[in-house]
Every structure is written in structure tokens, then in C-alpha cells.
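Per-chain residue numbering starts at 1, and chain names A, B, C, D, E and F are given in the order in which the chains are listed.
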Amino acid sequence: MQTHDAKRVEIIIEAPMERRLKNALEEVGVTGYTVLPVLGGSGRSGRWTRDGQVSKAGGMVAVICILRPDRVQTLLDAAFKVLEQHIGVVSVSDCQVLRAERF
Amino acid sequence: MEGILGLAADNVLSPMVLSFALGFAAAIARSDLSVPEAAAKALSLYLLFAIGFKGGVSVAESGVGPDLVLALGAGIVLSAAIPFIAFAILRVVSQLSVIDAAAVAAHYGSISVVTFVAGSSALDSAGISYEGYMVAVAAAMEAPAILSALWLISRTGASGTASSEDGLMREILLNGSIVLLVGSFVIGWITGPEGLAEIDSFVVAPFKGVLCIFLLDMGLVAGRGFRSSAGLLQLPVILFGLVMPLIGGCLGLATGVALGLSAGGAALLVVLSASASYIAVPAAMRVALPQANPSIYLTLSLGVTFPFNLTLGIPLYIAAATALAG
Amino acid sequence: MEGILGLAADNVLSPMVLSFALGFAAAIARSDLSVPEAAAKALSLYLLFAIGFKGGVSVAESGVGPDLVLALGAGIVLSAAIPFIAFAILRVVSQLSVIDAAAVAAHYGSISVVTFVAGSSALDSAGISYEGYMVAVAAAMEAPAILSALWLISRTGASGTASSEDGLMREILLNGSIVLLVGSFVIGWITGPEGLAEIDSFVVAPFKGVLCIFLLDMGLVAGRGFRSSAGLLQLPVILFGLVMPLIGGCLGLATGVALGLSAGGAALLVVLSASASYIAVPAAMRVALPQANPSIYLTLSLGVTFPFNLTLGIPLYIAAATALAG
Amino acid sequence: MEGILGLAADNVLSPMVLSFALGFAAAIARSDLSVPEAAAKALSLYLLFAIGFKGGVSVAESGVGPDLVLALGAGIVLSAAIPFIAFAILRVVSQLSVIDAAAVAAHYGSISVVTFVAGSSALDSAGISYEGYMVAVAAAMEAPAILSALWLISRTGASGTASSEDGLMREILLNGSIVLLVGSFVIGWITGPEGLAEIDSFVVAPFKGVLCIFLLDMGLVAGRGFRSSAGLLQLPVILFGLVMPLIGGCLGLATGVALGLSAGGAALLVVLSASASYIAVPAAMRVALPQANPSIYLTLSLGVTFPFNLTLGIPLYIAAATALAG
Amino acid sequence: MQTHDAKRVEIIIEAPMERRLKNALEEVGVTGYTVLPVLGGSGRSGRWTRDGQVSKAGGMVAVICILRPDRVQTLLDAAFKVLEQHIGVVSVSDCQVLRAERF
Amino acid sequence: MQTHDAKRVEIIIEAPMERRLKNALEEVGVTGYTVLPVLGGSGRSGRWTRDGQVSKAGGMVAVICILRPDRVQTLLDAAFKVLEQHIGVVSVSDCQVLRAERF
């Protein structure tokens, strides 16, 4: 199968910021992404787990976004504006995709 | 005095409070006992729906007049005012930054629904009745404190404020727990006693049992937070978590008496004023004050003040309200 | 006429329907109120189990004869026939493609269990009894419509048909909701009234309350879908979503009268014929007709027809059945 | 004999056992019926809490003396001893490796809470009473078998033992299900009949119904395991899964008679001895004996022994205990 | 530790198609994969979320498959046959694995 | 935006071993990671799914860890000690991160 170069951006972000991140992405024209649940983790602010939590405050989600290499900077700029003062992790890696016209 | 002690003992030795203690102890002992997140959320939906609905039904039964509006207004004022007091105290006694102090203050102005539920359940057990519209007062008290805290921050000119941020106000006011509480209150009000007759074996009969499981979970979460973050809280901050409910409670009591609420209603207003939020406010703080340290406000609200209110606070508030109001 | 209006008012102002309205309104207002997926699935398992079990018990009590078999057969025919009518109408009045029209048609031939549950709950409240085996008829009506829709597609020669696809038939027939409904029906039938005595405080007492929470969730999902996709539906399609239940309902009513069902049983057959699937058929369509646009069939079924049936449809169907059948 | 058959028929045709059968059949037929993980865990928390609490209340009512301590001690000895017998049998009759045999043996020494719950529920239906502290005996029997199995491994010098591994003991003893069972037992004991009065419409009334749904899920999981792994089990191993409960049960019966337990209490001790763990032990085995094949021990415990105990075992054990003890 | 080149294929697919994808993978001998839940997302067909959904229709899952580089084409061919007319996203990236004999 | 080279390690491990893995990571100073839930999968030991499971035994979790390239060997050594006799999959891939000072 013919594959095409693309980038995979993975953003781990606080659940209360999810809506804002999605809006920011859509504003710059990034309309394809997938949100994965997160069970827990650890970082500079310590270990945490979703178990039994009722508030959104103590949780995170992972947003995965596959897009054309030339769109990555736009996305990072938009994401960074939302993330700036918030905890969270952004990583970008190379990947290949089928059906490039979708991205 | 004896009455208070008896009430306190009854309260502490109820299945509800013991369930909380079990969860707390299990978390401290690092047991892997846990309630799935989805189940905890479902239990909280149930409690909100049931307490709101029953409040609405009781309003349908007894009717309301201007006293509802007065109580709502008083609740809003209390919720908006308490953060100023909390903030001032914290700035004097603790070394918390302006931002952390404001974030904590917002929690104490707002309310904890589960403390309210535990309070009304204790009143039921003691056979003391209360105004059904107190549920609406609870809902009205959730949000104003957040605005006060944000105003405090903006006034002190601390950086990074986000009070005017896109959609934050809407998000706070249309927070799921407020919407469900108010919505089920209205449903109860509309359907009245006939509505209750249809679903009382759901909203009334198993209520206290469900509360046990929910408090078990609260104990687990509080214990986990306490274990990992207790070291983070300095003594003055912990003391604040024990004294602030009493200060808020006194304001609530004075207001309840001034409004002419029944003893039960005044007790619930004390409970609301004394309690600290753990759902709506923390989430709003993550958005509006990301620099504030969640370990501080969550541990204080859930690991210090909530257990205090649940065990000693509620019987004390009921005793005080019974003595002074009604 | 007055009777219908009273019935409709009673129905619309029941805690169940108001809970749906609350969820719908919360979603439209973009509140973050939500029911966890796992909790919604658990509620739906409960409703299926309870309604199936109670149906089985009532068959055990009253016995069955050839009327069960006749009703099952009639249900299958209705489910298989309605998609042809729906398809023909859609092709004439709307600009939906063959594939979209067939997918929508499949939904209207099949049934919505929660509409059935709401219908039987309304009958219970009105004190009208019905044949216990209507639950089995509901299960029998889930699948045939899917086959009709696939046949329609294959006949018109549209590309991409997958009706003969590996395991699709098995998947449709052994769909979780059919298996649980039929299984609990059989369990209720086997264990009869003694079985019911053992678990009635689980399957009977809290039933309507659980239904409230489930309908709250349905309201949230429907409202979300409506908000994001209402613009997608052209007026003729929306009107179809309001008129098709009436057409299906008339067929159901005629069949119910012809079968000699009780008024309650006929009302339930009307409800089944008028309702549109939202669990089994959408999933089957994603597999068999991936080109069909889910926003169209889901929004129509859940955002238009379901609210219509829940609020106005059910009292109308009951009134019509009471007038003509029994 | 007739009595046993009647009891067996009553048991097999109860809604609980039929629900298990439904789940098992659905999984074998590859239906996509499933219970969300979070819901299954929530149901299991409920069952543990309710059974523990009720046991504690009944101890509060009847008081305890040295018999509780004796029964606990006997339970611990049974749990520690049975793995040796199971291991010896498996090494003789099957070709399981030392590690697999020890892992299986640990399961049979330990207990299955849901089998215990089903047993007490069958006793309730038959109107036979039992000692409330049997719940505590159940909790005490969870862990010792794991130690026996690890000792067996270390003695035979098989590689990869991890018995002295960091925190394993704490993890086993503070396992969530043990903590909740013991904790709610203590809560029930402390709050006594008044506590029960507050929450009985939660812990008593819906209990059997919840058990139905939980057993439906157990049937699904067991059926799934059976379908994918039945081929993996050789005939001698399957027979072991049917005979070992009887051997364990005889030991339990002898112990129960020797302790002077009531007929119901002795029946429950038989049930505990005959049952095989499916929550705590499998998890401990994954940590301590990762080389042991989970398909073997899980399929045997959940797919062979559990269905046997649930259907035929429990009535047999009750009949035997009624004949010999009390 | 010695690591070996491998490929990581991530397939985001509609939940009702999960069983078919898994069967297709196993038919071509790809027996190692892991399925992650998905909370929601956005694409050409709009935003969606799993919240409160009962039907499988409105959900997706992420299937992650780590395999030897020379097996990737086989996998993509098999996956594409299942995915062809369905919504979903396939991406392939390079990775290193321990214990290469497992893949 | 300025990005920095980093590594993304993905460890799919049995749920009962999660705590041990996290402890092992923290012992060697890896304090940033995120845990994702896993629904099911397939491997040499067959297909499995979390549906309806109550025991932790039959489940896995995915631990994602983003870190500086020079820390990867330390992490792999620590993880391997925990994983050695256990089922599970470890993969490492290249990525870029914002805010390198966090890793």
C-alpha cells in the first residue's frame, strides 16, 4: 500500500482544559483528532489516579492528532497558547499514513 | 452538652460515617480497594438527583413564598462573602501565595453537596424537618465564591488571571452538578407528591445505603490525597481547614436565624456555609488559576475539612441551630 | 379528547419525561452534565433484564396459547414491512440517497426498547394491563427490519452492500440487547411468581426511578446529537420523523385489533411499530452500510422520533388503543 | 434423597442460577452481550459490602464468644491445608507442571466470595439460619492458601519464586475485597440492628436481584474463558475441577461438625472449602508466579468449579450439612 | 539493553468493526495487538463523544500493533480490506523493541 | 516553536504489575509517565478482553513515558527487571517535545 509522510502529535492535558484545546485546534483548521482516556500518571506534581474521582479537576486525557507535516507548527502554536500555564505534555513523532487526502 | 455528645456519637457511629472512615483507613494503609471512576460518578448523579427531587417535592407540598427568594439571596451573599474572610485569614496566618490563598478561599465560599446530603440525612435520622428549598440554596451557593476569588486575584494584580476567559462563566453556571441539582429540584416541584409516589423506592429507600458507598469512595480519595500530600500542608493551613468551617458556620447560623428558618433549615445553612467544594470549584480553578497548586486546595477541602464536618461538624451545627433557631 | 389531553399532560409531567427534558435542555445549553458510558450501559442492562423478567413472569401466570405465536409472527411481519413504506416515503419526499433512505427505513421498522419500557410504564400508571409476551414481540421485531433494508439496497443495486457479510446475521440476531431481553423473559417464565417474589424489590420497586436516570442520559445524548446535527436534516426529513411513527402506529394498531390483543397489548404493539431503533440497528448499519451517514439516522431516531413518542406519541397510542381494541 | 433433588431443582431454577446460565450460554454463542468492567466492579463492591454488613449486624445481635475465634482459626487451617491436597492430587493425576499445579492449588484453598453469597442466599431461601461471623471466616480464608502454594514452590526448588517479593504479603492481606468484607463486617457489628434499619432497603431488599446481574456477568466471563480455553484443559484437570470441591467440602463439613456450627454455618464452611478463588488469588499469582498459565487456573476455577458449585454443589452441601450438623 | 527495529501500527476504527479487524489481522498471522478505549474525537464526520452512549455505533477503539518491519505490508493490506469503506485512521511509525523474538 | 529530541517509551504490562513498574521507574529517577487503560488484546497467550472482569489478573495497562534520549537505557534496564518473566510489550520511538526542561 502507498503510504505518505505525516506527523503524530500526542497531547496529554488536564481534563478541564480539553474543550479549550479542541476549540483552539479547530480554530486553526485542525479538525481531525482522537481523545483517549487516561487512568493516572506521575509528573512534577506527583502521582495521581482517576479511581473514584468525581471532579474533572484531577484527571487528564490524551489527544492524538495525525496531520500533514506542514501543519504541525500551526498546531503546536495553537496548542501552546492553551497549554502555556497548564501542566501537560506535548510530543510529536513521524509516521506514515494511508489515504493522505484525509489529513 | 450531653445532647451534643449523644448526637455526635450517633453521627460518628452511623454506617455512613464509618464507611467514610473505612475508605480513609484503607487508603492510608495502601489497600488497592477502589471504586471505579464511572461508578463514583454514577453514585454522585444519583445523590444529586435524589436530593434535588426530594427538595422539590417538599416545596410542592409546603408551597413557597418570598422566603425562598430571601434564602437564595442570602445564600448567594454568603457564598460571595466567605472567600474574602478566608482569604484574609490565610494571608495573615499562612505563607500561601496570593493565588493559592484565593483558590483555597473559593473552595470555602462554595459548598460541598455530599456534606449537605450527609447533613440532611442526619436531620432525618434525628427527626428534625427542614425547608425543601434548601437544595436550591445549595445550588445557588456553588458559583458566587468563584467570582469572589477571581476578583480578589484581579485586584491584587497577580498574573495569569483568566476570569474573563472564553466560556468560563457559562461553564461554572452550567456545571453538571448545578444543572442536575436545580433540574431535579424543578422536576420534584412540578411532579410533587404524585411524582414522589412513583419513584420513592428509588430516591428515598436506598438513599442512605448509596450514601454509604459514596462516602466509602470519598474516604478512599481523601485518604489517598492525605497520604500523598499531607506533608505539603503546613500546620497553619491545616488549622485553617478546621477553624474556617466554624467561622463560615457562624455566619450561616446568624443568617439562618435572621431569615427565620426552621431549626433544620438553619442547620443546613450552617452546613453549607461550613463546607468546602470538591467538585465544581477545583475544576474551575484548574481552568482559571492553573498556577494554584491543586494539592493544597484538594487536600485541605477533601482531606481535612470534609472529614471534620462529616464527623464532628454536622452534629455540632445541628445542636447549635436547634438551640438558636426555629 | 379530554381524556387524551389529560393522559398527555400526566405523561409529559411525569418524572420520567421531565428527566428526559432536563437532559435534552442541559445538552442544548452545553452543560457538561454527563452520564459515564459504563453507567448508561449498566442502566440499560437493568431495564432490559427487568422488563424481560417481568414479561416472563406474567406469561407464567397467565399461560400462553397460540396467541403468543401469532403475535410474534405479526411483529416480525410488521418489522419487515414498515421499512418498505418508510423507504418509499423517503424517496418521494426527501433527497436522501438510496443508501441513507434504506438505513433510516431500517431504524423505523425495528424498535426502541426504551420507548417500549416508557410505554409499559405509562400503562402501569394508568392501570391498564397488557400481555406479558409483548416483551418477546419486542425482541422479535428488532432484526427483521434490517434484512428488509439490506434487501432494498441489493435490489436497487447500490454499491457496497454487505448483507451476506461474514457473521453479520449472527451478530444481529445475537445482539446483546435481544439476548438479554429474550433470556430474562425465559428466566421470568421459568421461575414465575416465586422467582419474582425473590427479586421484586430489585426489578419492580426501583424501576421507574432507574428509568428517570436512563432517560436523563437519553436526553443528554439526543440533545447533543440534535445540537450538532439538526442543521443537517432537511425539513422533509424532520417531518418524516414525526409522521412515520403515526403511520407505523396505525399499522400496529390495525394488527393489534386483528390479533384481538387487549387494549394495553395493542397499545404496546402501536408503540413498537411507531418507535425507531437506536442501539441495535445503528451498530448493524455501521457494519453493513458504512456509506450511510450516521448523523442522519441517529439524529432522526433519537433526536426527533424518540422525543415525539415519549411525550405525545405514547398517550396518543394508548388513547387510540383503548378506543379501538380490547 | 428426594429432599436433595428438590433442593437442587429449586436452586438450579432460581433466577440467580438461570442468570448465570444465560450469561454462559450467551458467551458460548458469541453474543456481544457484555457488562462494562466498571459496572461489574461496582456490583462486586455492593455484594461485598452488603454481605459483610449483614454478617456484622447478625454478630451484634447474637453476640460472639470463643466460637468466632475457633471458627476463624479453623478457616485459616483449612485454607492453608487444602492446597497441599490439591497439589498432591494434581501431580499424580495430571501432567501440570509444578508451578501450574501449585497455582491451581492456591485457588482451591482460597475461597470465592460470590459462591459464598450464593450459598447464603440459598440458605435464606430455604429458611436455614447461620452464624453471622461466617463472613469473617470467609475473609480469613482468602490469603493462607497463597502462602501454602508459594511454600510448595519454594520447597520443590522451582525457579522464579517471588514469595518474599516486595510488598506481596501486604498486597495480599490488604486486597480490596478482604478489606471491604472485613470493614463492612466491623461496621455492621458496630452499628448493629439500628444501623441495619437505616440501610436495609439498600443492603437487604435488592440483594438477590443485584446478585442475578452479577451472576449474569460471571456467566459471560466464565463462558468466554471456557470457549477460548476449554481445549487447553486435559480431562484429568477438568475432573479435578469437579472432584476437588467435594474433597474440600468434606474437610469443611468435618470441621464444621467438629466446631459445633449450626447446620447453616456448617453448610457455609463447606461452601467456602469447596469454592475456588477467582479475584484475589489470580492477581496474586500473576505477580508471584508469572510462569503459571492463567488460562489453566482461571478456566478451571471460573469455568468448571464455579458452575458446578453454583448449580449442584450448593444444594448438595446444604443437604449434607443439614443431615450431619446443627 | 539490545533493541531491534520494529513498526508500530495504530488503527483507529469504529467499534462495530473491531471484531472484523481482529479477525482479518489473525487471518494474516498478526496475533499480537492491544486495544485501547477511545473517549471521543473529531473528523470529517464531526465531533463525537462516548459519554452516555449505549450503542456501539457511535464509538471507536484504537488498535495498536507492534510487528516486524517486513510484516507491515501484509498487515496494511489486511486492515485496508476491512477499513476501506469505513471511517478510521491508520498510521505507522518506526520503533525499537526489546525481545524481538516475540514479534 | 522550538522542539527538542526525546524518546517515547510505551510499556504494555499486566495490571497487577503496574505498581511495581511505577516504583521501579521512580527508583531510577523516571518520575514522568502516564497510564492509559487497555480494553483487550491478543498475544501468544491468546485473546482477552476486560469486559465484565472483576479481578485485576486478566487486564493490562499501557504506561507511556517521554524522556531525554540519554535516560532511555536506564529506564529500559529498570523496566526489564520488572517485566522479565511477565507478559508485556516494550517499544521505544523517537519524538520531539516542547519545553525540554520538563523531561
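As a convention for this text, a contact is a pair of C-beta atoms (placed from the backbone, for glycine too) under 8 Å apart; a residue touches a chain by one contact, two chains touch by 3 or more.
Remember, it's a predicted structure, so these values are computed and weren't measured experimentally.
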Intersection of the contact lists for chain C and chain F:
D, E
Which integer distance in Å separates the CA centroid of chain A from that of chain D?
45
So how far apart, in whole Å, are chain B and chain D when each is placed at the average of its C-alpha atoms?
40
So, in whole Å, the Cα centroid of chain E is separated from that of chain F by 18
Contacts with two or more other chains, residues of chain D listed in rising order
32, 34-39, 41-42, 201, 205-206
Scan chain F for residues touching two or more other chains and write them down.
36-37, 47, 49, 56, 93-94
One finds touching chains in the pairs A-B, A-E, A-F, B-C, B-D, C-D, C-E, D-F, E-F
Which residues of chain D touch chain B in the complex?
36-39, 41-42, 45-46, 49, 53, 170-171, 174-177, 179-180, 183-184, 186-188, 190-191, 195, 198-199, 201-203, 205-206
Contact set on chain A toward chain B in their complex:
14-17, 19-20, 23, 45-47, 49-58, 85-87
Listed in rising order, the residues of chain C that touch chain B in the complex are 13-15, 18-19, 22, 25-26, 29-39, 42, 125, 201, 205-210, 212-213, 216
Chain F partner, complex, touching residues on chain E are 1, 3, 6, 8, 22, 26, 31-37, 61, 64, 66, 93-99, 102
For the chain E and chain A complex, residues of the former touching the latter:
10, 12, 36-44, 47, 49, 60, 62, 73, 76-77, 80, 89-94
